[in-house]
Every structure is written in C-alpha cells, then in structure tokens.
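Note that the chains take the letters A, B and C in the order they are written out, and that residue 1 is the start of every chain.
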Amino acid sequence: MKNDDKPSLAARREFLSKLGRAATCTGAAIGAAALGVMPNVSAKSEPAADAGSFPTKDYDWSKHQWGFGVDATKCIGCLRCVEACKRENDVPVNAHQFRTWVERYVHLEDDPEVHIDSQQDPVNIEASGSEKEFRFANRYKDAKVDKAFFVPKLCNHCTHPACVQVCPTGATYRTEDGVVLIDHGYCIGCRYCVQACPYGARYFNEEKGVSDKCTWCYHRITKGLQPACVEVCPVGARVFGDQNDKQSPISLFIRNNRVQVLRPETGNAPNVFYVGIDKEVN
Amino acid sequence: MPKHIFRLVSLILGLLVVAIIAKPFLTVDSFYRFGHYRANSVTEIAAQEPVLQTARYCEGCHSARHAQWSAGSHKSVTCEICHGAAQGHPQNGKLPIPKDAVKLCTQCHEAMPGRPRTQPQIQVAQHSSGQQCTVCHNPHSPKIAAALVKVAGDAAAGKQRAAACASCHGTDGISPNDTWPNLAGQNAAYLARILAAYKSGDQKDVAMTPLAQALGDAEIQNLAAYYAGLGCKSAPGKSAAGDAAAGKALAKNCAACHGETGGGSNPAWPKLAAQKPGYLVNALKAFKAGLRKDPMMAGVSRGLSDTDIANLAAYYAAQSCQSTK
Amino acid sequence: MEPIIHFAPYTGWVYPNETVFEWSVLIAVYPYLTGLVAGAFTVSSLYQVFGFERLKPVAHLALLTSLSFMIFVPTPLLLHLGHPERAFNSTITPHLTSAMAMFGFFASFYVALLMLEGWFAYRPFIVEQAQKRTDLLGRFYRLLTLGSYDVSEHAMRFDRKWIFALAVIGIPAAHGLHGYVGFMYGSLKAREWWSSDLMPVIFLFSAIISGVSLLAVLYVVSCKLRKITVDLACLKGLAYTIWAFIMVALVLEGLEFANIVYKGREGVDMIMQYVTGPLLVPYFILQFAIGAITPLLWLSYMIWRGTTGKALVVGVTACACLVLFSVFMMRWNVVIGGQEISKTGKGLLNYHLPFFGKEGALVAIALTLAPLALLFGLTRLFPPWADDTTHAHS
C-alpha cells in the first residue's frame, strides 16, 4: 500500500507530529476525547467518486452477498489450496501463518483421543521437505484407523465479526457484499483482532507490520473469478458463490445440504458453511 | 473568578476548539463514506492483480493440450496446480514441467487414511517400483483407457478372416519375416486398438491402412480374439545387430508396462517377448520420429539412441514368449 | 533488518496461526503500569477526598508517582505496534465498539486530570519559585503560573475547590481506566482464560494493591535517602490499605478461578492441565502463595501484634515488594497465560521470552523502571515532601 499517492495522508502526518506535541499539553487530551466521539463534519468531495458502481467500475458490491461452502467429505488433503493461497496473496512463506489451512482429524481404534494435525506439525513439515511446500505425512498408514477426515479452514467472514468489533481504528471492516477486509494502509498493528478471532483465522504479517487474513480473494471475485483455493481444488470440496443468486453454487450447496457453521455459540454468525464435519471440529 | 482559573479554562477550551477543528483535516478523505473505514481501501484491494489465471487463459495458446485435458479424468485438476501460477507467462518465460511426478501425483493419490474412498489412491511403494508416474500415465489424461476395452470377438470367424493376413503374418500368426510382427498370443485389446487405429487413420502404414479400412468393427474384434487365442510357438530369436545384455539394462525402464521380459499381461499394452527384432527396431524408431503416435512411447523413446533401440530389440527377441513376466 | 519470528512449540492441537505469540511481555507491562497509576492515585484521593490525614506525607508523592507512570503507560503499547507512526489513527477515527480505541481518550483524559490536579496542588510552590528564581528554571515556573501570581486567600479557596473536584472525578477516572484495561481482556470471547465478567474488577483491585505497595516502598526508600525518620502512622495507613484490598483481590481471583472450573465449559480439561502443569509455579506459588497469601498473613500478624518501629518498616516494605511482584505475575499469567492456552481448547503453547530485542525482557524491565527516573526528576522540580518547610502545603 503506497501512501505517496494519497496527499491527504502526508498532510495528516504533518499534523500528527504537531498533535503529538500538543498532546502533552493538558487541554489537547481532553479535546481529543471530544473530537473522537464527534461525528465527522468534513464535507470533502470524494475524488474517485464515480456516479456508478463501487468499488470498481465493473463491479457493484450492492448486488452481491458472497458465501463459502466446505464439503469436508470430499477433501483429500492435497493442500493445493494452501499453496495456491500463499502464492496468490503473498502470504509469508512458512508453515505457521496461513490465510487458509487444512486440518486432519484421526480416530484410532482403542484410543478415545482424537488426533488432530495441520501444516505447522513438525512431522508434516518434515514430510513436505521444507516450510515452503505443504504435505500431510502419511503417519497413520500402518495404524488401525477408525475414522479420519480432512477439514479445510479459512476466515469465516462473519456477519458479526469479533475482529471488526475490537479494531480500534476501523482498519478492518465488513463490506456491503459480505466480505471482511483489512486496510493495510491504515492498520496500526496492535493485533487485538488476532486475539479476538475465535477461529485463529488472523495472523500478523511481520514484514508489513499489519494483521492479515483471508479476503475470499476479493481482487478475484470482483473480477468474476473464483477465489484461488476454490479455483485449484481438484475435488470440489470448496464452493463459492453469491447468496443473492438462488442458482449459484453456494445457494445450491446451502439448500441441498444440512450445513453447519463453526462455533455458533460465539454469535459471530459465520458465512463459511460446512458439510461433513464431526463434533470435535471447531 | 481569579485570573489563573480563567486562563486555565480558556487554555483548555482553546485546545478543545483546535482539536475539533483539526479532526476533519486529519480524517482521511474516504473515511466514513460507507462506514467506519476508508472506502478507498476497498477499491485498492479490488484492484490487485490476480496471480492464478485459470485454465481458460492457458487454452488460448495450448488448445490441443487443453482439449486433451478437458476431455480426460483430470479435468478438475487445473493447469496451474501442476505448472504453477501463470501470471507473467509467457512474457517472463516458461512455466515449469514438474520434474518429480511421484512427489506431485502422490499429493493426491497416495493411499492415506482420511481420503474419501472415491479418490483413486495407490500404495506408492508397490505401485511403480520408483518409476515416474508419467512413464505410464499421461498427466493430462491419466486414465489408461485401452485397458478397459473388452474384446468380445468370435475366434472362429476371426480365423476365416485371418486367411487374408497369413501371407505376411504367417498362417499361425508367426511372421516369416523379420520386419513384420508376430501376432500369435498377443494381447487382444492391444490388437483391437491398433487395428482400429489403422482403420481410423490415427496410425498409418502403406500395407495395413487399406486392409484395416476394409474391416468392420466386428471383424476387428474377431481377428483380435483369434490371434490372441493362438498358442505362442515362436522360438526366441536372435539379432545380429544388438547386444541383448545391454538391452536388458535398458529394459528396466519398460518393465512397468511391458513386464520384466516383455511378457507383461496388462492387455492394454503389447507383449514384446520373442517379437521380431526388426519389427521392434522399426516400431521404436517410428515412435521416436513421431510417425507412430503415442504420448507414453513418444516420451520414453525420445532418449533412445539407435544402438539402444537395437539392444532393446535384441533383448526382447531373445525372451521366451511363454513368459508372463 | 530481517524480521525474526519465533514459532512457539506446542502440545496437543493448536491453530497454525496461534504458534506466533502476538502479545508479548510488553502487553503484560502495560496493565502493570496502568495499575500502579490507579493504585497510587487512590492513595492521593484517600487523603484529598476522604481526609485520611495520616496519609499526608505521601499524598503529593502519590500524585507525582501517578503522573510519571501514566506518562510511560503508552510506551509499551507504542513499541509493540506494527506501525507506531499510525498510532493516532485510533484517536482521529476511534472505533467506538473497540475497547482499545477508548484507551487513547481514557488515558489522555486521565493524564490531563493528573496534570491539573498536580498544578493546583503545587501552585503556591510554583508561584513562589517563579518569583524567587531568575535562571532558566525560573522561566519554566513562570510559564506554569500562566502569568498569575495570585495566591490570595480568595484564590486559594478556588484552588481547594478544584483540587477536591478533580480528585472526586479522578477516582472514577482512575478506576475506570484500569477497569477498562480488564475489560479489554474480559470482553474477548475467543479466549476462555480471559473471557470473564470479573476481569475488570480483578484488574482494578490488583491495581490498587500494587499502587499502594509501590508508594509504601517509595516512601520508605525516600525517607532513607533523605535521612529522615519514617512516619509510622502513615506507613501503617498504607499497610491497612494494602491489607484490606488484598483480601478483596484474593477473593475475586478465587471466584474467577472457581467459576471457570465449576462451569466446566468446553476446553476446561486443557485449562486444568495447564494450571496444574506449566502454570503451577507462576500462578499458585509465585502469584498466590508467595505474592499474596504471605504478605496478607504477615500484615495480619503485624496488625494483631501491634508491631511498630523498625520491624514494622521492614515488614511493610517486604510485604509491599511481594505484592508488587505478585501483581506483575498476575499480569503475566493473564496476558501470557491466556495465549498459552490454545483457542482450540485442545492444546497448550509455550511462550519464549527473549532477553534482547524490541519485545524482550530488557526493554520490559527498562520500561518498568523508566517512570522511577522520571519521578526522581519530578521530585526535584516539585518537592512532594510534607516535612519540607520550603514547600507551602495545601
């Protein structure tokens, strides 16, 4: 994100240094309190305000309401989605920070404990050869497996997102078309949102100094493409579409299946719908 | 009110006013336009360029590959899964052809608890003895379709029709000539596939093309059934041109499909044991030159020298045709 | 510089993104400093508002302590930010649903209030210095007078009213400030260890005991440095305050823990495994047994026996140090402990505290001690000593 092309930001920074000095004075502090709660009185013209659609001239966000489906019964754990996502979205190349990841749940005979692992597991890192590639180690091939399945995970793009609630600046928000985004040019990097997400969907990008997470590939879906992970899934375990369109893949997915969401008790109201997950999955 | 109190209150009020006036100046332009965020950031995010380009992008230049891929069982495995993201291609150079097919293919096809039953899975250690998957499978259309062709011909009817073939391939399917193949005991599915290819023009031969074009589909089945049913009587032959021992080393690369000694029983592929060495040499050269078309054989014959071909032919010619290995 | 991320080792099942500890030791230092501010201010208001005369020797010291710690409260937060230069974004466009956005306002309001309170309390002294001095410092004092040397009885009556009013506003402000810090953690439903209605009150009471303890230590140390005798009545007053509030703090923490265990919601197995494993020493032994129960018993004994003299001074100082340590452990166990229990409720992580680096132990220690240096400077400019005859006390 370049600040250079936003003169207002530069001007603001100048003001900030002045304000910084002023803040040590008593009154400014009280003043700041008042200005914060005051509604914005600026009536500045919007330079990029086309009369037409927003956010781009070919895409009108008021006409869409996106949704995502995961059919865990189809997932084969090949992790093509994980690699595609890292590539598409410039996610740090390591086996610990992800916009999307896949979990494996394994029940063994005579063992009440469920065994869960994902890409950050040392055994899986070893199997893939490096932290740049991803692979599930075939660690249970000689075990007596009762039940096993894979579950793809990503940001749930909740209707009532806890992360947006706690963001102090408004650097993360929910768009009109139902996608939770992060403004990398405005985020201060406090990581309160990382703590607030019950799904572990957010991580902190050390290099950029900002929080990051799945955007449902907003730059793709606004151009009529599928999110990268959906695009590459070879078995159709990931479904994406417009919930406003009753014949879209996601609408059919929701209508034709008994879907569930993760951690409904948090009240976040996720928009990623799951089929075929087990009681341990949250 | 004492002077100092008045001044203090004025100072506080002054700073408050300054802060209130400053607030709109400090707020970036598009903030609050739709809500508590910078509206321009939505446009900025939407404006990012996609990295993955989708198969439709590839189709423009690689239409033949695209057609083959989209007709096959790998049509859900998009180009960029194996070849990487196409952003910047072709301007910035070629996309990679995966070197280690075993590593790549087993990401999806290694038998693993948790994978749904419908997913084709293999025991990697036992499946190909370490050979690359692409030796047998065409990654763009990996299903080995010919193996599934059932030959249901009438051998007796085939015998009658075979009279026309006897002059070249011998009355008992053992060719009298070094350049024409033996047919006795050959896999029926393979025979049927090759005859059909001559008939359709997929494969061309001065002698065979007109003959095959005269055959009906049922007759092809009958002939294949007849020759496959003949006992193999040809004695292992000798070739002056090649070194069978050197050929044996090379033949390891062929074993996955054709068997260790060329007696492989997979009906999709021909038996090679005790085949005519001259014919084998011609066939391999034809694959290498692209005169005979087969994606698998084109790949494996590409690296063979004329000496290698002669050695391989000598090796297979010297094997017993009773072998099923 | 290459950013170095430390991936935390873990047991059980944790989300991949959780293997990076996002809130480091600095975020444990931050509520610690805020707590000291709130606690110290409590002492000053006990004297100013509630007329605890015996606390007079520390009343002004409490104000200065509060102010110097408050000025340093934002530093651990700023150091921790990914983009400190954007920090004011949360003040210019504060998100009203965010507990953190309100921090800027609570904090700056409170700094302002402390400065005003201090200004009124020291105004006679400032005026006196402004008239007496001719050096650079004199100009500083003259600036502070706002050009009015009026210390008439009429003016002083106004000042006393303001001091009282500010102290009355200050009590809810100080406690609100710290209660809100607790709310920042307590309102997060993602973490079972934090998500509690009691969290704000627990933070508040531990804040009070830490601030009072800090003052007790500072007072005894300042007396030793200035070679004067410790006012035992004053010290006893501080000891009573610690004693009373430590019980409330203990009860609240006990209730909170009992609630988690008794409700036994999803993930409680992991919490039990955690508190009886990695947390056994820092939580039960360091925070409770050594840091809270020991001073409580010791103080009770001294009050019961009517201990006085040197034994009282040593005893109260030692207890105060223990409480200071206990409250830091409490902050640590909340901030770091909360992140060591995975959000999955099925695994535990292990925080690694680096010594060097932006978020290392060295910086944390420096930030905790820096306010003391500022306080030392402030006591030179504005002597808080009640026994000092040069200082006209209000």
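The working rule: a contact is a pair of C-beta atoms (placed from the backbone, for glycine too) under 8 Å apart; a residue touches a chain by one contact, two chains touch by 3 or more.
The model shown is predicted, which means the values in this text are computed figures rather than measured ones.
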Between B-C and A-B, the pair with more C-beta contacts: A-B
Chain closest to the assembly centre - both centres taken as Cα means: A
CA centroid of subunit A to CA centroid of subunit B, Å: 36
Intercentroid distance (Cα basis), subunit C paired with subunit B, Å: 69
Sequence positions of subunit A contacting 2 or more other chains: 12, 16, 19, 26-28, 30, 32, 35, 170-171, 186
Residues of subunit B whose C-beta touches two or more other chains: 11, 23, 26-27, 31-32, 36
Contacts with two or more other chains, residues of subunit C listed in rising order: 88, 92-93, 95, 116
Residue numbers on subunit B that touch subunit C, as the complex places them: 1-5, 7-8, 11, 23, 26-27, 31-32, 36
Parts of subunit A lying in touch with subunit B, wherever the complex brings them together: 1, 6, 8-9, 11-12, 15-16, 19, 22, 25-28, 30-32, 34-35, 38, 40-42, 44, 46-48, 54-56, 59, 61, 73-80, 84, 87-88, 104-106, 135-136, 138, 140-141, 143, 145, 148-150, 170-173, 175-176, 181, 183-186, 215, 217-220, 222-223, 225-226, 228, 231-232, 234-236
Touching residues (chain side subunit A, partner subunit C) in the complex: 12-13, 16, 19-20, 23, 26-30, 32-33, 35-37, 94-98, 101, 116-120, 153, 162, 165-171, 186-192, 194-211, 266-267, 280, 282
Subunit B-facing residues of subunit C, complex: 88, 92-93, 95, 116, 119, 123, 145-148, 150, 152, 154-155, 158, 162
Residues of subunit C that touch subunit A when the two form their complex: 3, 5, 7, 13-20, 22-23, 77, 80-101, 103-105, 108-109, 111-112, 115-116, 184, 187-191, 266, 339, 343-346
